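For reference, chains read A, B and C in written order, and residue numbers begin at 1 within each chain.
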Amino acid sequence: MKIISDKTPVVVNITNYLAMNFNANALLAIGASPIMSFYDKEMDDLLKIANSLVINIGCLDDKEIEGMHAAAAAANKYGRPWVIDPVGVGASAARTQTAVELITKYHPAIVRCNASEIMVLHGTACATRGVDSAEPVEKARSCAREFAAEHGTVVAVSGAVDYITDGVREAECSKGSPLMAKVTTMGCCASAICAAFAAVMPPYEAAVHAMNLMGSAGEAAVARSRGTGSLAVNFIDELSLVP
Amino acid sequence: MKIISDKTPVVVNITNYLAMNFNANALLAIGASPIMSFYDKEMDDLLKIANSLVINIGCLDDKEIEGMHAAAAAANKYGRPWVIDPVGVGASAARTQTAVELITKYHPAIVRCNASEIMVLHGTACATRGVDSAEPVEKARSCAREFAAEHGTVVAVSGAVDYITDGVREAECSKGSPLMAKVTTMGCCASAICAAFAAVMPPYEAAVHAMNLMGSAGEAAVARSRGTGSLAVNFIDELSLVP
Amino acid sequence: MKIISDKTPVVVNITNYLAMNFNANALLAIGASPIMSFYDKEMDDLLKIANSLVINIGCLDDKEIEGMHAAAAAANKYGRPWVIDPVGVGASAARTQTAVELITKYHPAIVRCNASEIMVLHGTACATRGVDSAEPVEKARSCAREFAAEHGTVVAVSGAVDYITDGVREAECSKGSPLMAKVTTMGCCASAICAAFAAVMPPYEAAVHAMNLMGSAGEAAVARSRGTGSLAVNFIDELSLVP
């Protein structure tokens, strides 16, 4: 994808172990240069050369949380935009606490999440069920707008119709397919792609571009797929074919 | 798969890093809601909302072993059935000790393993070679029956002909293909699917259903595959197409 | 692949989390028996039964570094050939220090890397950019030769034209495709396959065979692939079809 590959941004990913391979392939497919790491001792070095960062809390442990803090602090130090994916926030106290601390201390450029997750972060009572959203995006819109305004960030909520807001502006993306939710780490991939775009344009525009790319590549991939295994493969193919 | 997706059970997976993505996609394909974690501090929270648990010892470290103990204890506390996959037991003292401790302290509903592994757990001299079985299933049957009876569990042994027993009842499954063993974490996937079925039916029936599903999906996938790369993809496709 | 499957060598892999599944499938496809682990406490047990080892520094943490030292020491103790993949050396001080310590203390049979990485290890000023090479292989040849001679090892440099040397002999492999670099952990896979061959033949010959297999399988896979997602799948298919 020319808009990304023209710059080949280095995107540092602290992400869960499920997402690492799929998300690295997605970032390579669109022309970014991913580094996957969670080692606190190298985060300063990596963020110095990186163009953006994504932090995904899908698989936590004490050491990885230290790596997340080191990375977000280094992103701030070097002025790199960073994206948080608060996977499964609300499913455990550890997830909620980690996400809230990272957001309030280091101010992400973009929060990419599902409806349940932004409602939890906003403090609104909602249904959560493991790492999958139990709420429709419509119910989460006002939470997303208020959270974005209060934290000076962009919120991108994935769902049947994605919703992106910076607290003032808002955009929708109705592309995609419910089958995408049957491929693991598809949401994590949206967050990684947000980070790639955030390396070459402002955060709100980056989130809108990323969600549109996810939707259109997903829709094209579904049309070619027999089931959810081939969908994952075709999705990367589609990303790699965007001119 | 209606019998699973009707309930959409939340299945917590402490599994090795190779298996995480493939197994999460397998669980999503059949209609379960997987959470992959090994963080001891969130296991109580996760098991409270989960319907079942699978513990796979394929990649050990001290912290992950703590997570396994926390998860199995929480599964007992909340009455969730849990499955153990004693990957490579016998290949190292650490693996054997971990598996034996988890089984004797927390009483899994199902032990899903290969022939060498159940022979090691049973204390019968046998050939082991890394993480792949070096013994035929036939030799392991009496070990499986005795182990199941002694520990009040179900043992499901994968191989050319799978063997499932609760110490009294026994079943066979001759579906599948030797090519399935050439796709990494295919056995781990059987264990994860055992956990999904154990969330909606008793353990013995769950193991029989799971091994049959593995065999029939594997056989259908082999028929469509050029090599072992496409086999992994087609296998997930087949799982996702079961009505 | 008969030359490998005749012996079914057990290959221990301490590798990054992205590479684990893909590399295990690659090793299974050619007839090796992979074990993925980074647990220091089981390395002596595993290397005792293993035929070779690969250490890949793509995802570091303190515990994993301990596992790497334990594994390399055990490889020396039992006389197993081992391969290092110094992923992203130069991108952070932690990576450089880890790679240099492992090489100087435990003398790998093969160093499999890209052009930037061997230039960093050799101490030659060069461009690095994250984990992808920023230098052509041509510039790295003399560094590779000198490094191989000085350390008594084989160096295999991946690129448009791969270059393999033991400090005296040298070989080239011009097979492959630039698209292979768009599939994550393709280079890590080359290292894992070097380790499989090193279990059945001397290191220089092993590296030449491995790089040729990578190139020919990659070229055949590219010819069948729509994009980089299917390329990863077809690559494993091709490996599994080599007679």
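Assume a residue touches a chain if its C-beta (ideal position, glycine included) is under 8 Å from a C-beta of that chain, and two chains touch if they have at least 3 such contacts.
Remember, it's a predicted structure, so these values are computed and weren't measured experimentally.
Different-residue interface: chain A and chain C share under half of the residue numbers found at their contact. Put simply, chain B has to spin 120° for its C-alpha atoms to lie on chain C, with the angle rounded to a multiple of 5. Distance between chain centres (mean CA atoms), chain A to chain C: 31 Å. Among all residues of chain A, those that touch two or more other chains are 17, 21, 63, 232-233. Chain C contributes residues 16-19, 21-22, 58-63, 88, 91-95, 129-132, 181-185, 225-230, 232-233 to its touches with chain A in the complex.
Interface of chain C with chain B (complex): residues 8, 10, 17, 20-21, 24-25, 28-29, 33-39, 41-42, 45-46, 49-50, 63, 67, 232-241.
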